[in-house]
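The two complexes that follow have chain A in common; it is paired with chain B in the first and with chain C in the second.
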Partner chain A sequence: MTEELDFLGQDSDGGSEEVVLTPAELIERLEQAWMNEKFAPELLESKPEIVECVMEQLEHMEENLRRAKREDLKVSIHQMEMERIRYVLSSYLRCRLMKIEKFFPHVLEKEKTRPEGEPSSLSPEELAFAREFMVNTETYLKNVALKHMPPNLQKVDLFRAVPKPDLDSYVFLRVRERQENILVEPDTDEQRDYVIDLEKGSQHLIRYKTIAPLVASGAVQLI
Partner chain B sequence: GDLGPFNPGLPVEVPLWLAINLKQRQKCRLLPPEWMDVEKLEKMRDHERKEETFTPMPSPYYMELTKLLLNHASDNIPKADEIRTLVKDMWDTRIAKLRVSADSFVRQQEAHAKLDNLTLMEINTSGTFLTQALNHMYKLRTNLQPSESTQSQDF
Partner chain C sequence: MSEAYFRVESGALGPEENFLSLDDILMSHEKLPVRTETAMPRLGAFFLERSAGAETDNAVPQGLALLPRVECSGVIWLTAALTSQVQVIVIPQPPMWLGLQGSKLELPLWLAKGLFDNKRRILSVELPKIYQEGWRTVFSADANVVDLHKMGPHFYGFGSQLLHFDSPENADISQSLLQTFIGRFRRIMDSSQNAYNEDTSALVARLDEMERGLFQTGQKGLNDFQCWEKGQASQITASNLVQNYKKRKFPDMED
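This part shows the complex of A and B:
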């Protein structure tokens, strides 16, 4: 369990990077990605490396357990730990799927217009899921309702019909790296913009839009 | 993760979930954390009552730890009932302060708040309600101003 992992960065990162992560760090990264995803109003970048490594680790642990002797205590403790990690992983993936289902036209549009070199917010499987979901929804709407409407009303623009993710919602965050001069925009015309510094370790309540790039870079953690 | 060598009779540090599980299987005895002591908690509670802002708590998970330890291992913790009352007092004081500050936050339409020394449990107890309320207020406010035409509906 104390082995270190090597993994190579994947396609869209443009070139391979080798990063060595201990299992403890990997789990910590998974938990951070999980919390960020839970509290962010939009779908965040997909983290294929973390997901794959965690699944590899889980399989590894399962194999070890099968081979190990029937020492009740050790085996059951490891099983408990595996269940916990599995729960976090599936909760993370479930949260992403829920956001994909909720905002599917916007997610697909973003993926289509994504510039080269920018990391995708969908893994290949998620992309396939989103596309299928879109096709299914369109077919369903057509067969259930649109077919029976007068001809000039038979189109529905899903992009306009489905609400956009609300980037102005407020989130709680904890600062991991000190940031200076974050511009806080006013809500009303009477207030003026002001800048704040974010100290390391402090906690704040602020609109998501202001700090969205910081979440993506890992400088703050949503709580 | 790694867990230290388990030698009978010697205390060892383990994650909380494991400790509770072992205790339920009656395989171990739990030692209360250092701060879970009547005098220390009394001092902290009085300090919290005097200050207007939030004071640092002995542990970022004091509420969860107290609840779990007192429910499963109260036989290992001296003066469990007093501790329960003291921690509850601290919790009530802090939640009251939180309510007051949330109220003034909404009233003065601030765009940002700093909340150090608040533990996760407190934030999440009132957090969902607060963020949703703030979201609604924000929408109501921004719709008062002449808005540019938007292409698709906002939520």
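This part shows the complex of A and C:
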């Protein structure tokens, strides 16, 4: 697919990363981030570098297409590819926005209590969006219902009212790097904790909580 | 993903109900038979309203109907006194005798949950019939034939929240809920994935609310897929949130 990018620039490292990514790898990373985000029950880390790189690539491709001759087939194939990449990118961002809207008090709380070294799960724009959303929801609830209630009932604690992301939900995953000694907690009272090894290339159905750190590090891929 | 509006889903099957979920609010409004353990003086009228519906202030039969489930001693002579009057002014002052220990009431789930305490000072909860031994054996025999809608339209949700009341039968109840669902699930999935463009009322009549939600999700998936196959997926259509606004009737009238 991306091997057809023959008239694209050779240097694909658009961001400030030291690692040079070919366009193919960049798109693959975008697709992995997209699938992980779609199937994970909570909001994952934000990947601003991938998003920026992909946007730059898309701009380059558009410019090249405009300059190219009117060879219908090549131009339309490249346009189709650009549409597909654009769709994946916007679907990824839409998924993140949906999760922010769904879990906004918890997302903001996590951002507030985040230790310094950890990467943020919200890009700056998303953070602004989440804060505005919270303010708007509180204003709306106050004006529609709460101000008509008796004075001691005029508060609603959104942190407790809005449901938390369900980290116990089950997800399908494919293992990309071999992992050892994953501790699995029991579902029912009769079972006990047991330890499993994850072989490369195997697929499992497991609780999200158990493998959450592996998703963040890229060792498994949600499918 | 193409939804305009994401509803807050029911948390009833999990550890706690969701505060903002409409399904949970409807579910927790169902009644639960309960026995009071302590006296609740002067609160009788409040609970009376809860257990029997509207109170009126005339006619003898209604005066009797207002005291159906109270089984305290000493109440019989008061009932007789009330019925001998022509015009019964029912309970202007909250009667003390209704707050006696051991009276049976039916409270909604949210109220029972709020009043329930681990040291059981205030209430003790009795399980409704369908979660008891008799019906559990019916479910284990064949879960598919039971009309779960009649048995309380929120069978699974209510049953899951009942586990909060620390009854000794909790393990059996949870097993029974799980096995019932496993038994019925296959038919629901089958029927939802294969009923396209038909009247499905016969299929959903015997399902409870949670199963109906599952059925609708299955139907929606099926319809979306068929839409995509026909190539209608990229057509822009009016959002379901605005379809009923008055001004939109115009395009319908043209056809």
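Criterion: the second predicted complex is superposed on the first by the 206 of 223 C-alpha atoms of A that agree within 3 Å, B and C clash if a C-alpha of one lies under 4 Å from a C-alpha of the other, contacts with A are read in each partner's own complex, and residues count from 1 in each chain.
Following the convention adopted for this analysis, a contact is a pair of C-beta atoms (placed from the backbone, for glycine too) under 8 Å apart; a residue touches a chain by one contact, two chains touch by 3 or more.
What you see is a predicted model; the values in this text were computed from it and never measured.
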| item | value |
| --- | --- |
| Chain B versus chain C as contact partner of A:Val171, first or second or both or neither | first |
| Contacts of A:Ile196 with chain B and chain C, given as first, second, both or neither | first |
| Which of chain B and chain C A:Glu101 touches, first, second, both or neither | second |
| Partner chain(s) touched by A:Ser91 [first = chain B, second = chain C, both, neither] | second |
| First (chain B), second (chain C), both or neither touched by A:Tyr140 | neither |
| Chain A residues touched - chain C or chain B, whichever exceeds | B |
| Which of chain B and chain C A:Pro163 touches, first, second, both or neither | both |
| Footprint overlap on chain A, comparing chain B with chain C | 160-163, 166 |
| Chain B to chain A touching residues, read off their complex | 1-3, 17-18, 21, 27, 105, 109, 111-116, 118, 120, 123, 127, 130-131, 134-135, 138-139, 141-142, 144-145, 151-155 |
| Footprint of chain B on chain A - complex, ascending | 1-2, 23-24, 27, 73, 77, 80-81, 84, 106, 159-166, 168-172, 184-189, 191, 196, 201-207, 223 |
| For the chain C and chain A complex, residues of the former touching the latter | 1, 6, 8-9, 11, 14, 18-21 |
| Residue ranges of chain A in contact with chain C within the complex | 91, 94-95, 98, 101-102, 160-163, 166 |
